[in-house]
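Presented below are the structures under discussion, each in the form of structure tokens.
Two complexes, one shared chain (subunit A), two partners (subunit B, subunit C).
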Partner chain A sequence: MRQLLPYLGVASLLLAVTALWVRQIFLAHKSRIEVQVPRKGGARGGSTASHDDLGERIFSLEDWEFVSTNTPSQIQKMFLHERGVIAISWLRRTRMRISLVMRAHLAAAGQTENLHPATELKLALNYLVFRVLCDVLIGCIWLRGPIRTRKTVGQTLRTVVWLRGAFEQLLARVDPANCKTLRTSFNHRAARN
Partner chain B sequence: MGPEPKNVEIDPAVRDLRNRTLVKLPGDFSRLVYLASSRDYNTGQYHHDGLSFHFSENVASKALAACHREVFDRLVYISLEELIEELDHYISSTDERPEVFLKSWNHLGSYRVTIPSECDELDAEVFLSNVKMALAILETRQKPASRDEQSA
Partner chain C sequence: MAASVYTQILWWLGIAAEILILARSVKGNSWQKYRAFYLYLGTLLLIELLRFSVYTLKPQFYRPFYWYTEFLATTVAYAVILEVYSHALVNSPGVARIARTFLWGVLSVVILKTTLNAATELVWSPATTHAELERDLYTVQAILLAGVIALVAYYAVATGRNLKGIIFGYSTYVYASVISLAFGSLPGYGPRPGWRLVQPIAYLAALLIWSCTLWSYSPDPEAETESKIDRDYKLIARQTRRALSKARSFLKMGGEL
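Now for the complex of A and B:
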């Protein structure tokens, strides 16, 4: 048992450092994160340039506020079901895209000699947290629907949006080619134009 | 009407299409249906005689496709309330009775063919879901009105 103590100590220390680091990231960026919800009439002017994320549209509360005050319960149920299905599709796609880019990055990193272990570790942690959050969100939406869990969804979505940003920033430093692919795949409009 | 496409080749054709044809149509839903109907469902190519005459068949097809995507993008991102207004406006612009129109669109799912060929899968999913919701809401609004007509 005594032989294990040093290992346990190192593991605990690593866990504590990781937890502190994750906490610091969350606290530092929490206040800066803002999920832009498309404003009423904003699209009518014809600008599609600002719509760079479908997630914002899907999780927008504007539609639910309209449906809950102007339609019967049968329509409200239908709306919750429809939006839940789409929200889960969006999260699955986001998770899949990040996974693809991470895999591509790992393949590229395997051939690079000039690796930065600290940045790679941050990237890996970022990726893990992102994946876990996506799974948690899918579970929440599946169990309770996108609106009933809107506080959790809103908060987690902000974190997901921020993590995606942080992931992109880190990847841009380590692997600019894959980062470009990630940005293009998230913003298909940019790719199309 | 929207952001200028970056493709210089089709720019004049897009402007022509917007200024001469699309601007005259009542609302984005009408534009979407018009643009989708200019597409050959067998080949996916768009056709417009006037535009092909002034430019070329290829440029005309690309310009129609670009405008189709642009109008579609706008409709994906408007709120459900606005989409209902758009759809209602479109229904009023046709000669059909609203209840017949709604029944037909719900039953046949005619709105599915209005999706551009090169569009994102999830965008299409959001659009179809929103139109389905809009049709259901318009139908619930129709029911009391048709009951009133019958009792009168």
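Now for the complex of A and C:
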């Protein structure tokens, strides 16, 4: 039976990519609309700055230290719950921004002549790891809250920052226009802290 | 006996569907667009008719004749995959470049593996049985198809109904062939009649997909000559220029307008 594995693996691969393609065909209209979203966001002046501040505040201990010393336990619970919701929403927004930039890059790359297979592969892998890490972070925060998982969140965010840097560098080489959009729409400081 | 009746039903249904698709392609002139695909289908039709003749007139020669013609069909199918590559990526030169790298990569691996097998085995044979050789040929096709589908999906390359149908139909058939031949080449599975029906049923399903999607010619959507972002930027630039010229004329007229 072991000799069957490579053939079953190849057949499963074919089935998986076909299923993904079918899904993409059905969602094609939706994704066309979404690609335009980051440009609208970038056009609104103050939104980027507030997004940066928000990320920085969500994962800082300042607020929690104040709440934990000056308020009753009910308020503390409420604070943790609300902070968790905000953190998840912020991470989802960050993930969405990156995926929109990636989609825009792919749409542009489809018509570009000068594509390098190795760079494209690195970009795809970086993006995949970035998405997985974001999902892991969301899961951690959802399960244990933003304060309890602060250490894990910090470590994962550092990896996310490193990945984002690598992603940005690659994108700058392949697609400078999209890289600019990415720089203006993603929080640098929050992850560093 | 029951299996034979099923096989014959599948046989005749397959021949009827092939004739229908070929007739539609001649009527709609789509055979000129997908020549390799219709050549493949025409070859299969001819093979089916020849097989039927041999089966009826000289049944003792049917088995060897089946395997030789099966290899011919599998080889012609590679032309279909190359046609899929060229048609799907005609408007995406960068993606086509990646596809070429992938094709050469797969080809190199296959050549390397065959050479290594030849060097290490004392008595060289391409495969122990016919089913194994056919299984290997279909496996390479499955890898190539998975590659082109992954590229088309990843870069969101626009494809027309005809090409989508060819890819879906052929993928269904290749998928079923790899699975059934992989199990069929196991000792003990070969004589079972069940796995032999999987391939004809999958082929009939593929013919059904092709009948629906290739009923009439549908051109592939043309690629946008410039990206949406560039186009939007030009639109905004044009609007800004218009607004500026309005403002300039307003100032020239002393703010009366």
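In this section, the second predicted complex is superposed on the first by the 132 of 193 C-alpha atoms of A that agree within 3 Å, B and C clash if a C-alpha of one lies under 4 Å from a C-alpha of the other, contacts with A are read in each partner's own complex, and residues count from 1 in each chain.
In this section, a contact is a pair of C-beta atoms (placed from the backbone, for glycine too) under 8 Å apart; a residue touches a chain by one contact, two chains touch by 3 or more.
Quantities reported herein were computed from a predicted structural model and do not represent experimental measurements.
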{"item": "Contacts of A:96 with subunit B and subunit C, given as first, second, both or neither", "value": "neither"}
{"item": "Partner chain in contact with A:75 - subunit B first, subunit C second, else both or neither", "value": "first"}
{"item": "Touched partner set for A:124, first subunit B, second subunit C, both or neither", "value": "second"}
{"item": "Subunit B versus subunit C as contact partner of A:110, first or second or both or neither", "value": "second"}
{"item": "Shared subunit A contacts, counted only where both subunit B and subunit C touch the same residue", "value": "none"}
{"item": "Touching residues (chain side subunit B, partner subunit A) in the complex", "value": "1-3, 5-7, 69-70, 73-74, 76-82, 118, 120, 122-123, 125-126, 129, 132-133, 136-137, 140"}
{"item": "Partner subunit C, residues of subunit A touching it in the complex", "value": "1, 3-4, 6-8, 10-11, 13-15, 17-18, 20-21, 24-25, 28, 31, 35-36, 39, 103-104, 106-115, 117, 120, 124, 177-178"}
{"item": "Subunit A-touching residues of subunit C, taken from the complex the two chains share", "value": "91-95, 97-98, 101-102, 135, 139, 142-143, 145-146, 149-150, 152-157, 164, 168, 171, 174-175, 178-179, 181-183, 186, 223-229, 232"}
{"item": "Subunit A residues touching subunit B - in the complex, by the definition given at the top", "value": "38, 40-44, 46-49, 51, 54, 57-58, 60, 62-63, 66-67, 70-72, 75, 78-79, 82-83, 85-86, 89-90, 93, 188-189, 192-193"}
